[in-house]
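Okay, got some structures for you below.
The following pair of complexes shares a single chain, chain A, combined with chain B in the former and chain C in the latter.
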Partner chain A sequence: MDEILLQILNGLDKGGAYALIALGLTIIFGTLGVVNFAHGALFMLGAFCAVAVKAFLGMEKVTLDPTQTTAWGTPMEIRQPYMEAWFGEFGRLVVDFSVPFSVLVAVPVMLIVGIAMERGLIRFFYKRPHADQILVTFGLAIVLQEIIKSFFGANPIPQPAPEAAQGMIDFGIALGFDAGNVVYPAWRLIYFLFSLAVIGGVFAFLQLTTFGMVVRAGMADRETVGLLGIDIDRRFTVVFGIAAVVAGLAGAMYTPILSPDYHMGMDFLVLSFVVVVVGGMGSLPGAVLAGFLLGILQSFASMNEVKDIFPGIDQIIIYLIAVVILLVRPRGLLGRKGVMEH
Partner chain B sequence: MSLTMNRNDVLLLIGFTIVVFAAPFIFTPIGAGYPDLLQKFAIFGIFALGFNILFGLTGYLSFGHAAFLGVGSYTAVWSFKLLSMNPLPAIFFAILLGGLFSAVIGYISLRRSGIYFSILTLAFAQMCYNLAYSVLTPITNGETGLQLDQSDPRILDTAAGIDYGAALPVSNFFGIDMNSTVETTLFGQTLQFNSGYYFCAVLLILCFFISMRIFRSPFGLMLRAVKSNQNRMSYTGLNTKPYALAAFIISGMYAGLAGGLMAVTDPLAGAERMQWTASGEVVLMTILGGAGTLLGPVIGAGVIKYFENIFSSFNEGILMQAYSFLPETLQHALVSISSLFVGEGWHLTLGALFMLIVIFLPGGLMEGFRRIRTGISRLMGGGKSGKASDRASAAAE
Partner chain C sequence: MSKLYVNRRGLLKGTAAAGVGLAAPTIFTSRAWSAEYMNEPTGDTVTLGFNVPQTGAYADEGADELRAYQLAVEHLNGEGDGGMLSTFSSKELKGEGVNGKKVAFVTGDTQTKSDAARASAKRMIEKDGAVMITGGSSSGVAIAVQGLCQEAGVIFMAGLTHSNDTTGKDKRANGFRHFFNTEMTGAALAPVLKNNFGSDRKAYHLTADYTWGWSQEGSIKKYTEELGWETVAAVRTPLGAGDFSQYITPVLNSGADVLVLNHYGRDMVNSLTQAVQFGLRDKEVNGKKFAIVVPLFSRLMAQGAGDAIKGIFGSTNWHWSLQDEGSKAFVKSFGQKYGFPPSQAAHTCYCQTILYADACQRAGSFRPSAVGAALEGFSFDGLGNGPTEYRAADHQCFKDVLVVKGKENPSSNYDLLEVVEITPRAQVEYPAELLGGELGPYNDGA
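And then the complex of A and B:
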């Protein structure tokens, strides 16, 4: 029982990332009708926002201390982040919390990137065949990841979580198991809650605001909304920006779990597509549900007991499930009729 | 299928054959390394030709063809290990297994069309790649890649009494080593005939011929009909699935053959050949040359492999020389910008090229040639004849 609970917990953070990326993909797909192969690259850009913020905040002042010497007899270099030198204890805290702070940077950056991408490239492809959309966004994804590679190098850059969130949380005691059976890294729990909050925010935005209502109306019948005198294109541009922000946030907060490198986007993209397909193309709840479901299933498949019976199942479980779902329920779990059937 | 060919096709085939056979002498002066690079031209030409039969004719965009390439490579290396160093059984089994895999994957993926199809093929290819890296390590040798070994059984070779001694064997076609080069002198020029390249070249021409026959056949016409309007085909009471599946299997066999040939020229197989970026590369080749045209994919494959070779060998020193005629500050600025695109950054060029082609020239290079040709004939003979030749060349494709 505690083993099962632990695996469910393990799947939640990865599931959260899948759900966030798949949510953005679905929004773009539902509004603009474009399959965005560059969405993984947006996830990656978000992660590198965190890297850049960390590098910026962590810039170090080097002073020579003549009272201390190194083993070679030269004065020892004292390295201290400027933030710490200028603001003392508060500055140290800011450096420590660079990953959560990077979220504040990632929102405007990703919004601009998203809007620029839609205005500069994607909008010319609404009337082109889907194959062209796939190809041009695929090309864009390569370009983005190569640019990042030339700036930050090819190696993963580890990003520590804030010290306060580096510990483990022992769930077992709270639920009546023995201590030490169900321990879980605090940051992963934070990530899960964060992803829930973002998902909730997106849904609230679409369901509760007038803007969201117009967007939903546009998803259902773009032409009629246009005839009513609403500039639906401009709203959809903003929606694309929001989807980019969601992917970027997912990436920025994921950095302490997985050290970002330039091709992390591609790895997540393939899985996120599978998530979208399993959830049902064009269905937002489906994307979220399938994201968490596949995340949890993947963590179950990587249990040693399961791997003993089906070796290698952890590598392919997601794809297998996608195949089965598509054969049994071709529209996905919560897919609607008439979406993407032409 | 009638055996008569129209005159233009015969000429095209003859011209293609001549260019392929003469390629070492035409392309070596412009920096195409021989035989390695030319072998790549031929192999990726075959790969792209096969992909074009699926994507160009039926419009199904597969993002998983690298899986069949990888399967072909592994099969060929295993054939070298178990049966014989002769490439014939190797490529036979590579084609067979490529076909089998594509039959299974195609059967499932083709139940959906459009984007779903692309994503399904992508998922399958990633699955194959992950399996090759992890569980199937006894078959694929995981990260190290599958290699030949002196202690391999090689049943047929042993039965035929061929002994390779202590050295690692080289694949050989009834005694002709695949890496051997024959030199002759003709008109004062030294001509090199590399057996590996010519082996690939013959197969490339054969594949081109088959692809041409498919394009001109009723079957090819049916595939085009699937692309242009699948619904109408269904309304007329025709089941389009078998046609699409046949195209998928044929292209899978082409990919298997290409993978097999990779192993023939260099008996090594690694999982990275199956990664989905490799699938993206063949898509790019086909698009760049012109999807749905006969010659386009081969040209696209050649252009990409050629520029990959040129660009990735550049470094800052060479760039400095290239810009040396400029003032120093400008030189440094230009070098730092262009060094992003060459050497390690070759993929950036590739991605940018990909986007430019899709945005501005969706018909690929063949479309570009056609436009230039119409433009010229319009200039020469006024508007009317230009239109006529436009129509004629459109019909020729």
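And then the complex of A and C:
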């Protein structure tokens, strides 16, 4: 029982990342009709916002100590972070909280990146076949990856959570288990709650604001909204920016869980497309539901008891579920008839 | 107006002429046609092929390998401070090239993919005339390229490859490995684990699901079970899994008190970081402090894991903090040129280049069979690992093995590992038959 609970928690934090990426993909597909293969790269760019913020906050004053030499005979470098030198303990605390702070930076940066991507490249492909869109966005993803690699290298870069969030939370006691039986890292729970908050924020924005109402109307019937005199293209540009922000936030907060490297977006991209398809193309609640569902199923498939019966099931479970769902419900879990079928 | 008449005789003549014409380029350009062996150097240079990952997840390690190769070529051609040429026990190389020829090089990108690595090696052999191929950061790639070099008739000096299979069941006469292997890691690490954690332990393995992972898991299980440890479970994880949490949570309540991470590269960085996140490093199980072991450590990868490596035991082929004359000379030479110390991958690649060049010089030829004969059974010193021998039976180098531990208080980004024991060569030697395979005959490619 305790292991089942732990695997559910695993699935929820993993599913949080899937759901956030799939949500952005669905918004873009639903509004602009674009299959965005660069969406994983936006997740990666968000993660590197966190890396850049940490590098900026952790900038060091380098002085040479001629009394000590390195193993290769040059004077030893003495490094001290400016933040610590200037602000003492407070400066150290600011560097320690670089990941949460990076969220504040990721929002404007990703919004600009998203809008620039849409205006600079994607809009020229609205009327082109999906194959062209896939090729250009996939190419863009590779370009973005290589740019990041040229600046930050190919190795993963450690990005620890704030010290205060590095511990474990013991659920077991509250649920009647022995102490220490159901413990889970605090940061992963924070990530799960953060993903719920972002998902809630996006839904609230689309459901409760006039802007959101117009966007939803545009998703349902773009032409009619245009005939009403509303510049739907401009709004869709902002929507692309918002989708980029959602992916970026998911990436920035995920860095303490997965040390970021230039390739991390590609690892999530294929899975997120499966999530979108399973959830139902164009269905926002479907994307979220499928994200969490596939995250949890992936975790359960990795249990030793399951692997003993079906060896290697953990590596194919996502695709197996996708096949079954598409056979039983060809439009996905929450896909509706007539949506995205032209 | 003239008419074109085609008769039988004319057609035959034309076909014959066309056949000669088509065959001519192959006849005149084939390197093996007139040479005594594949890519026999005829000018005043000899070309080596450095096949390293320049893109993909191991690009940083590949870049470090390339730095070492460039340094080795400089030293062979008499430039720079000479590096380990001055400490190498063989004094055949004088910094005047090899066999009177300047050393030149071409590079290829393995992408850490077997097919891409074979394609780049093939291009360097067929198009660039490389007489030797070296490099790489993966056992799968090394085995694939070694097979290609055997077929093509050039020598392969393996880079970073740790699977037993490279010089075990997949060994080839034209292939040589300086790096150690999982069998040696198991033999070196087990006694240190016993001294630190005792002989009554329950181990849980997470293993990368490919040739190196299986090899590493097998060796560690064999040696730790001999100590009296029990293997609770050995779970295969997909390569590049990213988030390992679903594999780590079952460890928590499995009764195991040791987690062995048979992972390398990104997988190692992620699984170790996440295992520490799940509190395994500070946990107590069965009344004992939980232990995490990473059998193959790499300083480059350790940088990616940050603080998570503190106190974690593992093994490495070489470390820049060693104080023998060879290591000091290499670190000085590399550090002065690039501003930071070399990795173990850089070290093994540098050594392989020097060893190949020295063997060519001693053989007086670049012919693969002659170079191979010069390497077989060759004993040397001064290259950073103490007295070493290239065993003739399997083309595997035998030398001391370093057991290391993540430093608690590193002084810099490079000072992450401390050497806790130098396991003597005699303790890690094994009979060549143990790992199976046949070298077969040399292929000179002529």
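The rule is simple: the second predicted complex is superposed on the first by the 323 of 342 C-alpha atoms of A that agree within 3 Å, B and C clash if a C-alpha of one lies under 4 Å from a C-alpha of the other, contacts with A are read in each partner's own complex, and residues count from 1 in each chain.
The criterion applied here is as follows: contacts are C-beta pairs under 8 Å (C-beta built on N, C-alpha and C of every residue); 3 or more make two chains touch, one makes a residue touch a chain.
Keep in mind it's a predicted model, so treat the numbers as computed, not measured.
Undergrad: In the overlaid three-chain picture, which partner chain does A:V143 touch, first (chain B) or second (chain C), both, or neither?
TA: After superposition on chain A, A:V143 lies in contact with chain B alone.
Undergrad: Which partner does A:Q315 contact after superposing on A: first (chain B), second (chain C), both, neither?
TA: both
Undergrad: Classify the contacts of A:S299 with the two partner chains as first (chain B alone), second (chain C alone), both, or neither.
TA: second
Undergrad: List the residues of chain A that touch chain B in one complex and chain C in the other.
TA: Dual-contact residues (chain A): 149, 315.
Undergrad: Using the touch rule from the top, collect the residues of chain A that touch chain C in their complex.
TA: 2-3, 6-7, 10-11, 13-14, 70-74, 77, 149, 153-158, 160, 166-168, 181, 183, 185, 187-188, 256-259, 261, 263-264, 267-268, 298-299, 302-304, 307, 314-315
Undergrad: Quick check on the complex: what are the chain A residues that touch chain B?
TA: Residue list for chain A touching chain B: 35, 121, 124, 128-132, 134-136, 138-143, 146-147, 149-150, 266, 270, 273-274, 276-277, 281, 311-312, 315-316, 318-320, 322-323, 326-327, 330, 340-342.
Undergrad: Spell out the part of chain C that touches chain A in their complex, as residue ranges.
TA: That would be residues 56-60, 233, 235, 238, 240, 242-243, 245-247, 249-250, 252-253, 266, 269-270, 273-274, 277-279, 300-301, 303-308, 320-321, 328, 331-336, 339, 341, 412 of chain C.
Undergrad: What residues of chain B sit close enough to touch chain A in their complex?
TA: Residues in contact with chain A: 55, 59, 61, 63, 108, 111-112, 114-116, 118-120, 122-124, 126-127, 130-131, 133-136, 276-277, 280, 283, 287, 340, 344-345, 347-348, 350-355, 358-359, 362.
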